[in-house]
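There are two complexes below, and they share chain A, which is joined by chain B in the first and by chain C in the second.
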Partner chain A sequence: MNADSPWIELRDIHYTYLRGTPLEAAALRGVSLEVRAGETVAVIGPTGSGKSTLLQHLNGLLRPQQGQALVLGEDLGNSAVDVREIRRRVGLVFQQPEDQLFERYAGDDVAFGPRNYGLPLDAVRERVREAMESVGLPFEAYKDRLTMTLSGGERRRLALAGVLALEPQMLVLDEPTAGLDPMGRRSLLQYLRVWQDEAERAIVLTTHNMDDVALLADRIYVLVDGRVVRVGPPRQIFGDPGFLLEHGLGLPSATQVVQALAGRGCSVPVDLLTLEEVADAVERLAYERV
Partner chain B sequence: MPEPLIRTHNLEHVYPAGGGVPALRGVNLTVRRGEYVAIIGANGSGKSTLARHLNALLLPTEGDVWVNGWNTRDAARVRDIRQTVGMVFQDPDNQIVATVVEEDVAFGPENLGVPDDELPARVRWALETVGLSAQAKRPPHLLSAGQKQRLAIASALAMKPQCLVLDEATAMLDPVGKAELLLTVRGLHRSGTTVLAVTHTMSEAVEADRVVVLSEGGVVADGTPADVFRDEETLQSIGVDVPIISHLARMVAQRIPDFPSDVLTVQAFADAVCHRLGGQG
Partner chain C sequence: MSASEFDLLRSVTLGQYLPTGSVLHRLDPRVKLLAGLLLLVAVTATSSLAGLALALALVVGGFVVARVPLRYALSGIKPMVPFLALLALLQIVAIPQNDLNTTLLWRWAFVTLTVRDLVAAALLFLKFAVLMWGFSLLSFTTTTTELTHGTEHLLRPLQRIGLPAHEFALMVNIAFRFVPLLATEAERLMKAQASRGADFGGGRRLNFVQRMRKQLPLLVPLILSSLRRAEDLILAMEARCYTGGRGRTHLIHLHAERRDYLALAGILVVLALTVAAGFLSADAVIWRAIASIRTS
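Our next item is the complex of A and B:
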């Protein structure tokens, strides 16, 4: 793998569920996507547009039925490729944490991965401690808690800890903040930024929360009906709110305010992304009018 | 005064595996017929535990819960209670029981003894209300997360409950699904259904007539959205955010004297800006 080649390169991926049956449903119809070192890429799209199916191609949970998936230099279409190492380096956190938690005790669940990859017990314990602390589940307080008694937000963070304990270089997150309370959401977003800055790492996430996207993403792919219909940086994508609304997508809060102001003849720049920028623009508007 | 639809008295709940820490500690809550109540609070504050007491899925460790005047401890009334209060969970997989969408919706009313000739119309109505008519014949596991959530709501609606308890029912929906669902919920509320919505989305909480805030198993605030969200510092200290727009309004108010800091919605904010600035709005 070339030093500057993308970490992930999907080319014209097709995927159909229940292929060849009367119930077959095409989820991906020719998707190409690229993720480079250090990038945060957001995949947005309406429910059923194929986002989750796409994410499962990024660590070999699904192999392409058609097209090519190159992940960290390996061609996942080649059945001889061992996806075990790919799955360690590309950590996938599902939308429903219940889909990946199965141990009775929280600490054991986080330990499962590193133990399975043959790390010595002391090292496993350290990894588990570190991973749990970093997602805000203090090791001593949580390691012996029953997984099933944790709240929705705690289970979500535990699932993330289980993936972090494998020290991946990429995180693939399916709706990471759904169901988190506002504080939980904020601390998770902060943590993701820190995690990414610590080393050369990349994040791919799907979310319906456009404020998260505005905050985190370097690049956005808009997926509609199994196809990429637009790619670009947040300012460009959110600068065309009509297009997003047309496809049933939401807008960041800042964009919503900009739209509402424009509708009342109080125009501010269309590509504002943060509340700070909106407050600045409103303040300027005030002085201009005086 | 007529009997409220839901009443809890000193409701306390301790989970057997919770190490003796109560999930609810003495909740007194009264919900009148026709109210639209949002229940907010940090993860682990007891919201879901409270919701599960409202149709006898959980019984109090201490204290009581009455639905329509029936004590939820009265086993003979559990059926009536569950027909009165329909529940939609955070995770729809927990409540999907059938292998075909329309059968899942029919399961509840069938069990309640709804006559066979009435059943298809009711299933059609429920699926139409949540926008899943086209999926009626599909197996639920092939639905997307958002569609599953709407199926769970349809299955609850099919029992024509007087009260709908939504436990973060919109958390997994896309904006259109969310908007459609809120429209559905608002419609049901207007036609008389009592709604209790547990939510983390503050822009949804402002839709309600009344907001109840839980922290560590107790009610710490209860009032109109405008009243409850006035106190940003207290809410933040218990892990609850104000709606993002009220935060923005406060930022602007610090820069522009007289700007109203208590607006809660995008539309109200834009009105305030254009009005204050002498715009056309």
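Our next item is the complex of A and C:
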């Protein structure tokens, strides 16, 4: 794999659930997607558009039925590929991962991954310590807490730590902030950003929260009915709010404010992503009018 | 390794409903339930391969009439094959059929394999298969609501001796409904754990102990989520003022028509023959025929 080839390259992926049975349902109908080193890519789309199915192709949980999936230089269509190593390097965090904790003690749950890869005990301990610290769960204070007694936000972060303990170079997250309170959401996003800035790391996430997307994403894929209908940087995608609303998707707060302003005859640029930018634009406008 | 490493639902055909709108779908659910019950009795009671073949023909005929793809319907047996094979093996080892009338095929230490053994193992296998297929035919063609109503109607006479017909029917219904849900849930958990390096033996075969050990981390969250789901269900039912069967009226009233009686009569005849085949020693006739072909 040469240095500047993309970490992930999906080409024309098709996937049908229960293929060959009377209950078959097409989830992906020709999706191409690229993730480059250090990038954050968001996949947005209405429920049932195939987002989760797509994510499962990124670490070999699903093999492409048609099309090609190149992940970190390996072709996942080839059954001889060491898929466990791919899964270690591409950490996948499912929706509501806190429901999947199964160990009695928090530390043991985080250790599940490193143990599966046969690391020696002190190495496992070190991995667990680092992973827990990096999501704001101090090791000494939390390792012997009962998982069931942690709060929802803590459990979500513990589940994230369970994946981070594998020291992946990429994180794939399915609706990481869904169901969290505002505080929980902010801190989770903060930990993700810090993690990504520590080294050259990539993130792929799906979400219905467009503020998350506006905040994190370098590039957005809009998935509708198993097809990519639009790709582009956030400013371009959110610069066309009509298109997103038409497909039942939401808008970032900034875009909503911009639209409301435009409705009252205030012309601010349409491609603003954060409320800060909107505030600046409004301020400039106010000065111009004086 | 195939793409269906985690595709658990793929192999669960029992409990699925396939809305093809065939005549079997329109049949009174009570008739279908009774047919299932009769099939259970007949298949358990008979000891004749010919009889079982008849019952099998009835079920396969049912699949055809219901317009269910045969390959899909029959594939439901796949996940059970290892258990059935184990049972068949036990049958051969533990209950040897080595009287003098049978041909000895193979002998090793105290284990003997005779033609009778093979027949007994085949009987066992076929019995399970026919039952499993029969019940999946029932679930392919009957919605859970119909099943509940049907069960409740059929059990109503037993209310007099204190059986809570409505509650019982509801219980069966919920149990059926939870099977695909649990399979989906288990699939999700397996995938999450596989993402953290758990090896469910995609390509290689794991031995029994290894496999059991892999299942353990699945069981805890699976049981927890089932309990949670059950509690949600209770809340949802109570929020809609559910207080059990007493004084409850129904949206759907079942009426048996002529075709329902005809279907039931037809099924009764075939299954009676299934049982009768055991007494008529139909198999003996067939064996003799085979033996005569071999000697000639």
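Going forward, the second predicted complex is superposed on the first by the 287 of 290 C-alpha atoms of A that agree within 3 Å, B and C clash if a C-alpha of one lies under 4 Å from a C-alpha of the other, contacts with A are read in each partner's own complex, and residues count from 1 in each chain.
FYI, a residue touches a chain if its C-beta (ideal position, glycine included) is under 8 Å from a C-beta of that chain, and two chains touch if they have at least 3 such contacts.
Bear in mind the structure is a predicted one, so any value in this text is a computation, not a measurement.
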**Q.** chain A as common anchor, with chain B and chain C clashing or fitting
**A.** clash
Q: Go through the superposed model and pick first if A:V257 touches only chain B, second if only chain C, both, or neither.
A: first
Q. On chain A, which partner touches more residues: chain B or chain C?
A. B
Q: Considering only the touch criterion stated at the top, classify A:D12 as touching first (chain B), second (chain C), both, or neither.
A: neither
Q: For A:L23, select first, second, both or neither according to whether it touches chain B, chain C, the two together, or no partner.
A: both
Q.
So in the superposed three-chain picture, is A:E140 touching just chain B, just chain C, both, or none of them (first/second/both/neither)?
A. neither
(Q) Just to be sure I read the superposition right, which of the two partners does A:D75 touch: chain B = first, chain C = second, or both, or neither? (A) neither
Q.
Looking at A:E175 after the superposition, I want to know if it touches chain B, chain C, both of them or none. Which is it: first, second, both, neither?
A. first
Q.
A:F112 in the overlay: touching chain B, chain C, both, or neither? Say first, second, both or neither.
A. second
Q) Is A:E246 contacted by the first partner chain B, the second partner chain C, both or neither? A) neither
Q.
If we overlay the two complexes on their shared chain A, which of chain B and chain C does A:D197 touch? Say first, second, both or neither.
A. neither
**Q.** Clashing chain C stretch [against chain B; choices 39-47, 237-245, 255-263 or 273-281]
**A.** 237-245
Q | Footprint overlap on chain A, where chain B in one structure and chain C in the other make contact | A | 17-18, 23
Q | Interface residues, chain C side, partner chain A - complex | A | 1-3, 6-7, 9-10, 16, 18, 20, 68-69, 72, 188-189, 191-199, 202-203, 217-218, 220-221, 224-225
(Q) Going by the contact rule set out above, which residues of chain B touch chain A in the complex? (A) 15, 17-18, 41-44, 48, 90-91, 93, 138-139, 142, 144-147, 168, 171-178, 200, 202, 236, 239-241, 244-245, 247-248, 251-252, 255-256, 266-267, 269-271, 273-274, 276-281
Q | Touch list for chain A against partner chain B, complex | A | 17-18, 23, 25, 46-48, 52, 95-96, 98, 146, 148-149, 151-154, 175, 178-186, 208, 210-211, 248-250, 253, 256-257, 260-261, 263-266, 275-276, 278-279, 282-283, 285-286, 289
Q) For chain A, which residues are in contact with chain C within the complex? A) 17-18, 20-23, 56, 59, 61-65, 79, 83-84, 87-88, 91-94, 97, 99-103, 112-113, 116-117, 162-163, 166
